[in-house]
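What follows is a group of structures, each given as structure tokens.
Across the two complexes that follow, chain A remains constant while its partner is chain B and subsequently chain C.
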Partner chain A sequence: MSRSGFLRLVAERLGFLVLTVWITTTVTFLLFRLMPGDPTLAYLSPTFNEETRTALLRSFGLDKPLWEQYLIYMGNLLQGDLGTSFLQRVPVSQLLADALPNTIILTLVALSIAYAFGIVAGAFLAFQRGRGIEGFAIPAALATRSAPEFWLGMLLLAGLAFQLGWFPTGGAVPPGSNLGGVVDRLTSPEFWRHLFLPALTLVLYLQGLPLLLMRATMLEVMNDEFIVMARMKGLSRWSIVMRHAARNALLPVVTAFALGLGASVGGNVVVETVFAWPGVGRVLVQAVQGADYPVAQGAFILISVVLATMNTVADLLYAALDPRVSVGARR
Partner chain B sequence: MSLLSVENLQVHYLTGAGPVRAVDGATFAVAAGSILGLVGESGCGKSTLGRAIMGVLPDAGRIAGGSVVFEGRDLVALTESQRREIRWRRLSFIPQTAMNALDPVQRLRAQMLEVLMERGGLARAAANDRAAELFRMVGLDPVRLADYPHQFSGGMRQRASIALALALNPALVIADEPVTALDVIVQRQVLDVMRDLQSRLNLAMILVTHDMAVVAYACDRVAVMYAGIVVESGPVREVLERPLHPYTMGLTHAFPDVHGETGELVPIEGSPPNLLHPPTGCRFAARCPFAQTRCHEQAPPAVTEGEHMVACWRADEAPALRKAAASPATWAAVVPA
Partner chain C sequence: MRAARAAWRFLRGEPFAFVGAAIYALIVVTAIFADKLAPHDPREILRVGRRVARYLPISPEHWLGTTSSGRDVLSQLIWGTRSALQVGLTAAIVVVAIGTLMGLLAGYLGGWVDKLITRLADIVLSMPFLPFMLVLAALTQPGTTVVVACVALLLWPNTARVIRSQVLSLRERAWVEAARVTGCSNTRIMFVHILPQVLPLAALYGSVAIGWAILAEASASFLGFGDPNTVSWGVMLQEAYANQALGRGAWNWFTPPGLAIVSMVLAGFMISRGSEKLLFPKLADK
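Entry: the complex of A and B
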């Protein structure tokens, strides 16, 4: 692909990204204001008199017309101000900033292992087509993929944490100790010990998709004429499989990885809850349970922004990896 | 001695219903530096034959008998790793659809260098020079080495495939319908490139085609295949002007004349027999206007006179049959079962 063509594509996709984020934040704004139930009830004690109530509403800006609230909301968003938690009385942005690294570490570790395993195992299974191992491996991949995450998580907890005591039962650090900065966490063996079970649960849950996808595309690519030609050229099996077959078969898997990364940030809710992992998903669950509207709204926005961003990354990755995408019309 | 001699080669595809005899006794030879046209209609086994010589058959394909002697060695008897040594270095292949034959996500340079370095043992710099030289040889600008296959036109892709096939100076190139997917003008250009390089490099070539005009234009010798069998072979002029087999006679009338003389085109009615259960007698008998009882009962043996081989019971009556075959009415009278 030509360099200028690619840059134009990047600019175009970034434009779409901004548009998407604007729409989702607007929908989130409306969602929380048009929902039945009065958010202020969670914050205001019923014992307050009418006067105090009105004063508080005014201090939150909730007495203003909707459009004015929207402008203030957008203005605050642009400055990174997501409001203050009803329950914890700290800025939402700070709550999320604390939780996001934990979610990203958990997601990246689990997703990377799941995809590395899935790609290799999928390519291997493509070569074992029609042999006995298929009858075991494919049902196994499907079963772990289909098993509910919380159930897998609870089985692992019951076995490896409660029965054998090899791993802690929850959290990211031993009770009572401080979480510390991101670097502290990454260099702490305790953190990794705590990470093991939630990550393993996610790996088991996530590996099925790349495995089956890789196997299917690999089988398809192996029938392509250029693979036949590679054999006719007398190329080594390694060259044929790695340089030609896997390179072509990887395209959809890479896309799935980027999408999976985006989806997992929001989708780890279950695993984070089971293992009391202090990530964005758990913050969201606690906010919903406690009717902590600003935190829930902030978490929604964060999750949708990450998801939209990863979609954009997937698009661009595909264009960078597959020369046929988007250049045809531009040349 | 011939560079390649194929003797009674049998290639079967294993299916649930039994083996399909795609090639069922093919015999022909290719001399060093000459072009053999392998001609026949779709499904007669000519592409399978080409792939069998390369030793790269589809999964269900098996060489079930016969020999392929190339440079003094029987390829059928070699191990896979011995065959791999010969592939592309001595024996290379130009595919029918260069569209899918080139890896879509790799630049042409990478695909050229792969062959030149991994199979040719060249260092990167030498391989780069050779790639540019090969591109020039087939009439492509070496600048285009930086392009991806989808940025090439059909004719350019076919030229690139030819450059790839010639990369390691093979002795024999098998070209499987190399111009079929191209328009007539580009066909002619690509054929000229192939013919020119063939004579300059003293290559031997097998040109698989269904087009008699291509054979007449480009080939020295021709082998006519029908239903997995070579029914007639010999020097192109000899075979086209004095065909001995009724199928060849039919083929010469079924294509426009190469020199532009407009005669009436006459179709050969019907279609080739099912190769799962081939007929016992001559395989062409059901579509042959001259078939007799004997033709249906017993397969005719191959008879060679000079350089001209034919497998037909009535080959000695050929001059009379040719006269009759020239009339469309003769072919219209055949009602295939």
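Entry: the complex of A and C
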């Protein structure tokens, strides 16, 4: 693809990202305000006194008509102002900023391990095409994808944490101690000990996709002309598989990784809940359960934006890596 | 009769699809006869003497033991098939109906309709599924309706895309041209001529959607947004988690519902994998 063609694609994708984010935030606005019942009930805790109530009503603009509320909401969003938590009385953006690194660390660690394993195992299985191991490995990979994430987590928790006592049963640090900054977390062995089980749960859940994808594309690539060519040149089987086939088969897997990163940030909701991992997903669940609507709204918007952004990144990665993709001929 | 024989021949040739279909059959039979098969009422609080029969281990009277509130795990597991099928089938039917309609319109009509639907699909796909369901459940009311609605609202693009690409190739065929020449309206061509051709493919996506819906219901229940009045596998797992079954090592309580979910979702995957070879013979030798 030409350089200008690629730049045009980037511009087009970014434009679409902006559109998506705008629609998502608008849907969120409508969801939270147009639901049956009094919207002020959703936004104001009954424990507030009259003074805070009026002040809050005004700060949210809830005394104004809907379109004006919408403009205020969008204006606040653009400034990064997501409101104030009912329950904890701190800015929502601060709560989310505290939780986001934990979610990102958990997701990145789990995804990297899952994809490293899936790529190697998938390539290996493609190599073993038609042998007995397929009959076991493919149903096994499918089965881990069929299991509810939280149930995998429950099994690991019951076995490795409660029964054997090898790992803590939840949280990110021992009870009572402070979480500290991101650097403190990454250098603390306790943090990693707490990370182990939630990450393992995600790895088990996530490895199936890269494994099956890698295997399928490897099998496809192995029939391509350039592989036949390499074989005719007399290259060794290993060299063909690793240096020629695998590199080409990696392409969909790389795209899936970017997509997976976005999806996991939202999908981690249940795993974070099982292990009481202080991430964005758990913030969302607790906010929803506690009717802390500004927090729920903020967390939902954050998760949607991450997902939409990673979808765009995946698209662009695919275009950048695959010379066959031409602008405008997507899908 | 011919269809039945053809289906049987297909199942015999495809071990994956055979196992999947067998699992579905088992679950359907269990759901139909749940009231006869279950040894107890799933909500009955059982007693030993005057005390509630809490956390009984596996025994001849209680094959899978009892829960923390003295309910029979096996009976709950058996009754759970009903809610699983109910959620799975309704969601699958709705999602496939929407997806097929959208795919058909986009693929056949093309132009701005196609552009609009594809864009809409892209936007819907960038909505996070579980968080969306949580927020919707919290703002309306928890229960299976929200689960079905979310699956329908957010998962139709997967089906629509595949149907669309299938329709794109179908509409170029000679018989479509023939139909057009004889004066068939677009509606008639779409729904009478093309639709039957893409239905098998739609059904394939339906079998995967059943699994998605069951996983969604389980997650919603686990997070506390299920219908507490139904006996479902998700609610069972949530109760086990909330009542310290993990710490007590009550494996007999929290393992079976999870295995049931896995087998049902897996069955959908297996059927779709098996029938892929039937629908796309080119893939068969890969």
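Definition applied: the second predicted complex is superposed on the first by the 298 of 331 C-alpha atoms of A that agree within 3 Å, B and C clash if a C-alpha of one lies under 4 Å from a C-alpha of the other, contacts with A are read in each partner's own complex, and residues count from 1 in each chain.
Basically, a contact is a pair of C-beta atoms (placed from the backbone, for glycine too) under 8 Å apart; a residue touches a chain by one contact, two chains touch by 3 or more.
On a predicted model such as this, the values are computed, not experimentally measured, just so you know.
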*Could you check whether chain B and chain C clash or fit when both are placed on chain A?*
fit
*Treating the CA centre of chain A as the corner point, state the angle out to chain B and chain C, nearest 10°.*
80
*With both structures placed on chain A, which of the two partners, chain B or chain C, ends up touching more residues of chain A?*
C
*Which partner does A:Leu111 reach: the first (chain B), the second (chain C), both, or neither?*
neither
*asked:* Quick one: is A:Leu197 in contact with chain B, with chain C, with both, or with neither? Answer first, second, both or neither.
replied: neither
*Quick one: classify A:Met232 as touching chain B (first), chain C (second), both or neither.*
first
*When the two structures are overlaid on chain A, which partner does A:Leu321 contact: first (chain B), second (chain C), both, or neither?*
first
*Looking at the overlay, does A:Arg247 come into contact with chain B only (first), chain C only (second), both, or neither?*
first
*Check whether A:Leu211 is in contact with chain B, with chain C, with both or with neither, and answer first, second, both or neither.*
neither
*Shortest C-alpha to C-alpha distance from chain B to chain C once the two structures are superposed, in angstrom?*
12
*Contact residues common to both interfaces of chain A (with chain B and with chain C)*: 331
*Given the complex with chain C, which residues does chain A contribute to the contact?*
16, 19-20, 23-24, 27-28, 31-32, 35-36, 42, 139, 142-143, 145-151, 154-155, 157-158, 162-163, 169, 216, 219-220, 223, 263, 265-267, 269-270, 273-274, 281, 284-285, 288-289, 291, 296, 299-300, 303-304, 307-308, 311, 331
_Under the stated contact criterion, what part of chain C meets chain A in this complex?_
118-119, 122-123, 125-132, 134-140, 161, 211, 215, 218-219, 222-225, 234, 237, 240-241, 245-247, 249, 251, 254-255, 257-258, 261-263, 265-266, 269-270, 273, 286
*Provide the residue numbers of chain B that touch chain A in the complex, in ascending order.*
54, 56, 84-89, 92-93, 95, 97, 100-107, 114-115, 118-119, 148, 150-151, 164
*In the complex, go through chain A and note every residue touching chain B.*
224-226, 228-236, 239, 243-244, 247-248, 251, 321-324, 327-328, 331
